[in-house]
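Here subunit A shows up in two complexes: once beside subunit B, once beside subunit C.
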Partner chain A sequence: MNQTTHGALSFRCLTTVWILLLVLTGITVGVSHLDLGAINIWAALGIATLKASLVVFYFMHLKHEPRLLVICLFITLLTLATFIGLTFFDVLYR
Partner chain B sequence: MAKLNDRGFLQASNRQPLLFDWIFSVDHKRIGLLYLYSVSAFFLVGMMLGLLIRLELIAPGPTIATAQTYNALFTLHGVVMIFLFIIPGIPAAFGNIMLPLQIGAQDVAFPRLNLLSWWLYILGAFMALTSLFSGGGPPDTGWTFYVPFASETPTNVSLALLAVFIIGFSSILTGVNFVTTIHRLRAPGMHWGRLPLFIWSLYATAWVQILATPVLGITVILVMVERLIGLGLFDPARGGDPILYQHLFWIYSHPAVYIMVLPAMGVISEIIPVFSRKPTFGYKAIAASSVAIAAAGSLVWGHHMFVSGMSDTAIMVFSLLTFLVAIPSAVKVFNWVATLYRGSISLEPPMLFALAFVFLFSIGGLTGLVLGSASADVHVHDTHFVVGHFHYIMFGGTGFAFFAALHYWLPKIFGRMYNMKIATIAWAIIFVGFNLLYFPMMLVGLHGMPRRYYDYLPQFQNLNVIATVGSWVLAIGLLLMFVNLYRGIRRGTAAGNNPWQAATLEWVVTSPPPEENFSQPPQVSHDPYDLQQAGKP
Partner chain C sequence: MTTQRDAFGARLGMWLFLFSELLLFGGLFLLYAVYLARYPSDFAAGGQQLDTLLGTGNTLLLITSSLTVALALSALQQGRRQLCQMLLCVTILASLLFLTIKGIEWQAKFGHGLFPGGAELETLPAGQQIFFSLYFVTTGLHGLHVLIGAALLLWTLGLTRKGQVSAENPIMLENSALYWHLVDLIWIFIFPLYYLLL
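Our next item is the complex of A and B:
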């Protein structure tokens, strides 16, 4: 991939993402103190997914990659989510 | 002995010692052959173990093995056959050789990664074999390594698990390589609608390898951690969940069944049109069904766990999803049969193995539906019915497709033809032996004989004797086939570039193919099964 097409991310953008990640980490810790029953796992995984997406899209430059690569990664994440979802689905109804 | 004018990629380069020329080669054809020799060797090892298992079961009580030895035998048979033969069998051996040839490329996208994948495979195989003679002795858990037994047994399970972990990496590398190659290195004119169906099946398989194999890696690491420091991950007394292990294991191991059988279906889709002298019926449906099987097949792992204590709701959902996989599988079978219909069928050895595949796979698939419906599964779970069923799929399916591929492509790879008459006789012996061996297994399972015991009640003996005799017939047929193929590649008559008059690209180049495959990228101008165009790019 040609490096010049990437367009360097601005300092402001990177800092904003970093602060967002810190806030989300705080929320993760906060949520873990609440007892929401089955929702707990959704919250934890949801926040973790959001954080991972921020890292992948901004810090790892996926935002600037070709569409095909984004689709490939999305398929991977969707598969993982399905695997985890179907497994927890069993636990939920046990 | 007929002299071949051009030995193509088999020609020694004289740059370094012959052995190094092979084991450090980055040529996809040589790596494919390394895989082919390796998987064939492990197939023979697994076959010997299978014969010993059958010999033990010829009579009730200890015959040749004690309970512990028997447990080790079936564990080893499973590990060798699954991880060292069936999974890499067709994709890593024939896929490696044929993928670049069929799409008009010079090599795979990452040739060095390809070589690394073979070395990882050999390292893993070496460790698996070492686990037999070291530590607490050969593992006795079955190839499924179920906890809590696998985390507690004193046998050398940790090393075997590490071996599986490493072989898993080898499989992932092959998958990554194939996906990239198919996306990036197709020759001009080779658009997605012209990909040979073998390539479509490899493509679907490669995705499963990439997506599911890491889960296996995580799972075996968890069991190793459990054995080494006892975290209690799977121990309910400490907040763990033993069924979690089964979920994790089957998240990989069920899709792994499709890693095994999809490329086999690809081989059959190549052979049937060529020997019916007709274009494939429903090319798009077969291609799409490969992807559909890979996708749907990744969501059905729970059907291995119907009696494990999983929730009833999950059982119903997994049972339903299992039935859905039958649809794309049946799409393939119907399309093959429709291709045969009114074709000009010639029963040469590759075709005989392919037709046997369709027949045996159908039996295996339909008995799979018995197991996939939860209410019936409760009765036959963990009986020999299951053993019979999966041997019909894995051996009757993938094994026969592997043999079909051997008979179809070896003349291309080595430029020499085997003896057709002996190949046909060997096929007949294998077919009879196979059914003699595995059909009684299903019957004795329906009568209630459980799997994985060295002993059984006297009323099961008759069927077990038939199965054991079948195993001998099968072994004789297999040996005859291998000897005939070996003699063929050593001393057979020159096969010519296109002995079967097929239209896919690998038949355009010389036999054996030249080192660089194509002197210049071929301009693809026709569909893969347009047999009028045989021999033209």
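Our next item is the complex of A and C:
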């Protein structure tokens, strides 16, 4: 719990994450040219979430932070999901 | 007199602020989702007018600058100050390039009378007006974050040169890097939603 500093991530690890992010960007641009109907939206959001997780856990060091921060992040996302869910519950069934 | 520092406490404070930023942009994404559901064809017509190439270029820029700032922190922690400063310079240059591309993009839209309150925009159907308003508010707020992030990194660069930010005391770089990653994180969602899906 009481980590004051976390060790430096290696250049190799960070560069690997960067390459993965570039590949995922390529995939999301490629998929957007295909007409898959509703799957397009879920593919784009899924890939964006994957990219965001890479940034959060590696670039932002969340992987090596105390569990507390991860829990806080999930509470934030849960709050946001609740807002979005409840809003759609309203606007879709008016 | 010795100064007490709480590096984890400083990062926790930064993360809590970033969570509030997530909710701020989350509200804009919620508006996007609701109006996309209501005006799907208007949103498609609006989205097709955005330049995917410039959007993709900006995505690559932000991802790469996110890497260079993460590398800068690692370099500082390993005691390689020169390299750290060089990587910070690259990050700041990338942020300026991002804003330049964003400026070119907005310029083209302004040239077509597409800006909030613009004559051309007012003649468009309601859904397209909402699309462009959301586009300008979201990318504008994000652009403001890019500007603030670049200023923070410039300040951090100065402190690093003076030795006030160092391997023993990296808090300022840690937190401005976290802020810069958030800017990247939000763009990761703006890019597919505005430039690719429609």
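The working rule: the second predicted complex is superposed on the first by the 72 of 94 C-alpha atoms of A that agree within 3 Å, B and C clash if a C-alpha of one lies under 4 Å from a C-alpha of the other, contacts with A are read in each partner's own complex, and residues count from 1 in each chain.
Criterion: a contact is a pair of C-beta atoms (placed from the backbone, for glycine too) under 8 Å apart; a residue touches a chain by one contact, two chains touch by 3 or more.
Everything numeric here is computed off the predicted structure, so don't read it as measured data.
By the touch criterion defined above, A:Arg94 lies against subunit B but remains apart from subunit C after alignment on the C-alpha atoms of chain A. In the superposition on chain A, the chain among subunit B and subunit C reaching more residues of subunit A is C. When the two structures are aligned on the shared chain, A:Leu73 is found in touch with subunit C, with no touch to subunit B. When the two structures are aligned on the shared chain, A:Ile47 is found in touch with subunit C, with no touch to subunit B. By the touch criterion defined above, A:Phe57 reaches neither subunit B nor subunit C.
With both structures placed on the common chain, the touch criterion links A:Phe83 to subunit B and to subunit C.
In the superposition on chain A, contact of A:Thr25 is made with subunit C only, not with subunit B.
Under the contact criterion defined above, the residues of subunit A that touch both subunit B in one complex and subunit C in the other are 68, 76, 79-80, 83, 87, 91-92. Of all residues in subunit C, those touching subunit A in their complex are 5-8, 11-12, 15-16, 19, 22-23, 26-27, 29-30, 33-34, 37-38, 52, 56, 59-60, 63-64, 66-67, 70-71, 73-74, 77-78, 170, 177-178, 181, 184-185, 188-189, 191-193, 196-197. Those residues of subunit B that touch subunit A in the shared complex are 183, 207, 210-211, 215, 241, 243-244, 247-248, 251, 298-299, 302, 309-314, 317-318. By the touch criterion given at the top, residues 68, 75-76, 79-80, 82-83, 86-87, 89-94 of subunit A touch subunit B in their complex. Within the complex formed with subunit C, the residues of subunit A that make contact are 2-5, 7-11, 14-15, 17-18, 21-22, 25, 28-29, 32, 40-41, 44-45, 47-48, 51-52, 55-56, 58-60, 65-66, 68-69, 72-73, 76-77, 79-80, 83-84, 87-88, 91-92.
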